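Structures follow.
The two complexes that follow have chain A in common; it is paired with chain B in the first and with chain C in the second.
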Partner chain A sequence: MRGVPANSGHPRACAQIHKPYDSESFFEVSIVKLSASCQELLTQLQTVSRVASTRSAVQALSGVQLEAGDSGVELRATDMEIGLRVPLEAEVQRPGTVVLPGRLMLDVARQLPGGDVSIELRPSEGDVEVVSGPARFHIRTLRSEDFPPLPAPGGDTVVTMPAEAFVQTVARVSRSASRDETRPILTGVLVSASGDELRMVATDSYRLSVKETKLDAPLETGFEANVPARALDELSRVAAQVGAETIEIGVRTNQVVFRVGGVVLSSRLIDGQFPNYRQLLPETYEHELHVPGEELAGVVRRISLMAQKNAPLRLSFTEGELTVSAQTPDVGEASEPLPVPFAGEPFEIGFNPEFLRDGLESVASGDVILKLISPLRPGLIEAGDGSGFLYLIMPIRLNV
Partner chain B sequence: MSRCIAHLDIDAFYASVELQRRPELQGLPVIVAGSGPRAVVTTASYEARRFGVGSAMPAARAMRLCPEAVVIAPDFTAYREVSARVMELVRGQVDDVEVMGLDEAYLDLGGLLSPRAAMRRLVVAIREDTGMSASVGIGPNKLVANVASDAEKPAGFVVLTREQACARFAGARPGLVPGIGPKTAARLEALGIATLAALAATPDDVLAAHFGARQGPWLARRARFEDDGAVTSERIAVSESRETTFDTDIAGAHRLEEILRRLAGELCEGLARHERRGRTIAIKVRLDDFSTITRARTIAQPTNDAATVADLAVALLREYAPPRPVRLVGVRVAAFAEAEAEAASAPQLALPL
Partner chain C sequence: MRLIVARCEVRYSGRLTAVLPEALRLLMIKSDGSVMVHADTGGFKPQNWMTPPTVIEEEGEPPVRIVVRKRAGASEDRLDIVIAEVVSDVVHDMGEAAALEKDGVERDLQEELAAAPHWCGEGFRLVRREWPTDIGPVDLMCRDADDAWVAVEIKRVATIDAVEQLTRYLERIRLDPAMGACRGVLAAQAIKPQARVLAESRGIACVEVELAVLRGEREPDLTLFAA
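Right after this comes the complex of A and B.
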């Protein structure tokens, strides 16, 4: 990324961000001095720097903001879509705020000799002094004024629910969210909570995942929000690391703020109406087959190896048998039969191997119910254990 | 059997065509450049080059260097006509021709009994038929041929083995070799690698540490004049782009987006005519300090839809939010080859969303 020159004052919308360097105001706001353990610093930096921007024109967004206050130290990073605030256990000698280059700071923390580390801002030099044992670093800081404030926990609607239930639900659907930024709505997961039910829906228009999770205790209030899948994946990672029992969710007009343990993750919400997924689910199906999930997933994984270069996976149903096959020109082919309780006119349907695998692997365990209509109509994969998971998948039109 | 490849390059092509049409300009410094404050020199006659004028130089600067130069607006129709005649003569001599532009081509001389004599005959034929002077480089690969054709311009005729090329250009700057641009050259120089010989002698692991595992060793191979690229008669288009340099720098986001949309529209019109679709949409932004960035995004389905490309290009621009006034914007649609592979495979059906 290109550095922003310090004296590029242009009369533009974002000119304010790039106003000439003002060392005096820097002096006033930022006097930081603290000490912490090297290990703690590394762990927390690793967590927070994941969301730091890697490609913004504003350099401060690639940084990690460190705020030392009377109540402790917090590390913050944001890419303007997702923000993360992570506590750092440290002893504060002088409170203040400073923005450090994220990537570099992480590399330094990784190489520190261990024991304690002290971080002190040297305002006149415009750098921080990082000392651990005999090692001493002077690291230039980034422009504090360019780092946006991150939201505090809470919101118009605040819901607390078991972390495990929330994270498990995310894990079942987030793969179906689109990564195609041309349709922002589909890059989110529609999260709805009310009563004792949590539901998440995601689709990239080729497949659709729905997971309904029963909560042990009913919620006091409900909400519905289209949350970027990235934010939920990041939240899952943080939750696993923090090991908290509950997640507090604060929903505002265009923002959601999660609190897990001492970590606060905020994300903007995606504007617009999420598709009505119910009307996409066919009302009736021609075939309904109970198939051992693990076994089918295994066959699909194996045969997929021969479905390269966008080649489809073929599922051929005949009396009592399903044959999964694939072939890629100049690479090879594979097929494997599996006994299934199929009856009726034989037919063949094609699927994207990755989409089919995602669906089968999202059914946690036990039987899957395979519901099909015809080669060009959507198929449905359902968890056989009544765990409330649906995976609708669109076929690939086969040439033969 | 070792290969024998020629690189043929017409000397000061556009300027030569102009001089032929206006003999009264013979011996005068002639610059072919567009009009407008941002125009660049497309070609300069050798008389103009003596003043330090070179291709791709801003026309305004060229005029300062050589105020008496005659500036002619480019006439690509005329250049294409002459180029077609030249290439016809080339194809009369050699079967495998890779045309690199209007004025240059690689020729695979593998099948010829006396390649040098054939090339000399070709140069004479080009001069007699079109009046154009050509420089020829002959070597065991495209890289040697390319550098050799440039070594004694104009009307050069240089034949080199790989070893001779290494020896002859040992003291030259790495930037002499096509593929090593000014940025890479500057980074090499910062590492104390100022000549091709020095680059050739630098261990792969040192280069890999600075330029990555692929580019590092590749640089040393270039410096050793190793190249196994084939002369391919058909160049397969993998991307298409439109870009424009502004007469004055633009700072307003709204205006930039408008221009980007217009470029996307033009680009998609061209794509649609050739029934091409791409999955990767990219923008290019050059700021007033000449720093240039590109941003790209790949979408699920190949497209040549103007609205889709324009929306994505504008989104990429907004995400980047140029921190300084902008000098040039461009939009590109790429990954055609993939798009074709996809079309060949079976179509994925989508939910009616």
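Right after this comes the complex of A and C.
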């Protein structure tokens, strides 16, 4: 923080009750006054406002809560599923709490002329005055009472692990989580940590991603939780931005709280039985091929351009060769051969192009091991470097 | 059906007065007495219209004036069409009108699921369609692989109301001691997330079905597991 918050001689405001619409008594409202750099304000607003709700009936949820206290300034936003608390480096003249319209405040912060910005709540007007250089804004505040309290870090089980390992693991699996809100269990990533292993599993029923990551040091305790993929993706963004070395994970009965650097991200946990993924993995395969991963991913990316309108990507295996092809009526077709160590009866299998691409791109680098059984049984993409990544993908029926 | 393309002015009087100034318009006069005045814009909706029963009076050959009258309580609705030029005037015999056939409605789903109840749950056998309860019929009554009773409510789009409806049926069905363990299945082409949560909290299973798959027009997508 830039400095110790100064009490500028005004009577200390009530810390909890902020009533911008009830300005009868000066002593009953929080008086926020602070100054910060425009760039710092913009950066932190960009981070926090991502989780502000865009479609809630409660207007305060579209806002960003700004709390100026003795220990500094914090920006908060939530859509009731994910909550984010982001510190703001600022000089506090008067502590207090106010909820600002998130989208508008971000737009204003983007256009500020630079240098420093001061934000002051004007209780009698029910707005905040934002001043930067010659620019002066008066922005109406939202109902502070409607903004829910966000959980503090910690929990029943608290685990600290390297941020990079956690984020890298999320990046490998989160694409497989379902976006279909009618199947809430599948919109999450099953995160398990115990001993020296972190494991994440995600599936949308068409594909399954499993990543097991070895940790440098064993954990003191472990946990298993189904965390919304959206929360983990958001956490990854925050971690990359903050550049913290560790992530603290606090797991509660129905909530998880991550602390990375000074940022606190909380999320509800998804209730219900996650599919038993182990029994989905076939025990044996007919074909096992080691293929250069980046080369195959490149071919798939190119040929996928001609697989539109739900057209499948066709993989035709013949002696020593794989031909990837696609055809979309009224659009065109494409094919490209690739030498592969295939032996046996030729066979053809179809995949959703996007799902196949996701799987190949999730194998970070090096060879991929392609394991296949038959045109209607799932295929497995495995990282050839023994990094513990598995991607099981269901084929699409091919009409001839 | 008579279709007249004519340059005309249309005056309406009745609950209010309205004038369509002279312009080229399509006058559609149906055999049931409906009269519609269309322009070449404005979508499907006529610029003015009169619903049957109407009295239609016509002057001249070719027509120079058409008056459409209809009683509206104590007053009269009147459409006065003054024709300056007739571009086209044709009459078509449309024959018997076939009714609109809607496909993919609840009844279609019910028929398909009654013929193949296993889509509602493994081993399901149909006992009866429209199983009566004292508050209305439940769509399908089935028995599962263990011979237990299962009431299936079918909707095109299942909302919370559908869950409430099936809950009420189950309450009534379970009053019969022989069916005290009857469970419920909500089958629909789409199930709203809130409906799914409520159904699951009440022990009601949810099944999403596709009409094209039920009819064998399309193979179901291959999945790793039944989600």
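Please note the rule applied: the second predicted complex is superposed on the first by the 372 of 400 C-alpha atoms of A that agree within 3 Å, B and C clash if a C-alpha of one lies under 4 Å from a C-alpha of the other, contacts with A are read in each partner's own complex, and residues count from 1 in each chain.
Going forward, contacts are C-beta pairs under 8 Å (C-beta built on N, C-alpha and C of every residue); 3 or more make two chains touch, one makes a residue touch a chain.
Because the structure is a prediction, the values reported are computed rather than measured.
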item	value
Chain B or chain C, by number of chain A residues touched	B
Touched partner set for A:L208, first chain B, second chain C, both or neither	both
First (chain B), second (chain C), both or neither touched by A:A311	first
Partner chain(s) touched by A:V58 [first = chain B, second = chain C, both, neither]	first
First, second, both or neither for A:L376, with chain B first and chain C second	both
Residues of chain A that lie at the interface with chain B and also at the interface with chain C	181-182, 186, 203-206, 208, 275, 280, 376, 378, 392, 394-397
For the chain A and chain B complex, residues of the former touching the latter	2, 4-5, 8, 10-14, 17-18, 55-58, 178, 180-182, 186, 203-206, 208, 275, 280, 309-312, 350, 352, 376, 378, 392, 394-399
Chain C contact footprint on chain A (complex, rising order)	181-184, 186, 203-208, 275, 280, 376, 378, 392, 394-397
Partner chain A, residues of chain B touching it in the complex	251-253, 289, 291, 293, 295, 297, 299-300, 308, 311-312, 315, 319-325, 341-342, 345-353
In the complex with chain A, residue positions of chain C that touch it	190-193, 196-197, 208, 219, 221-225, 227
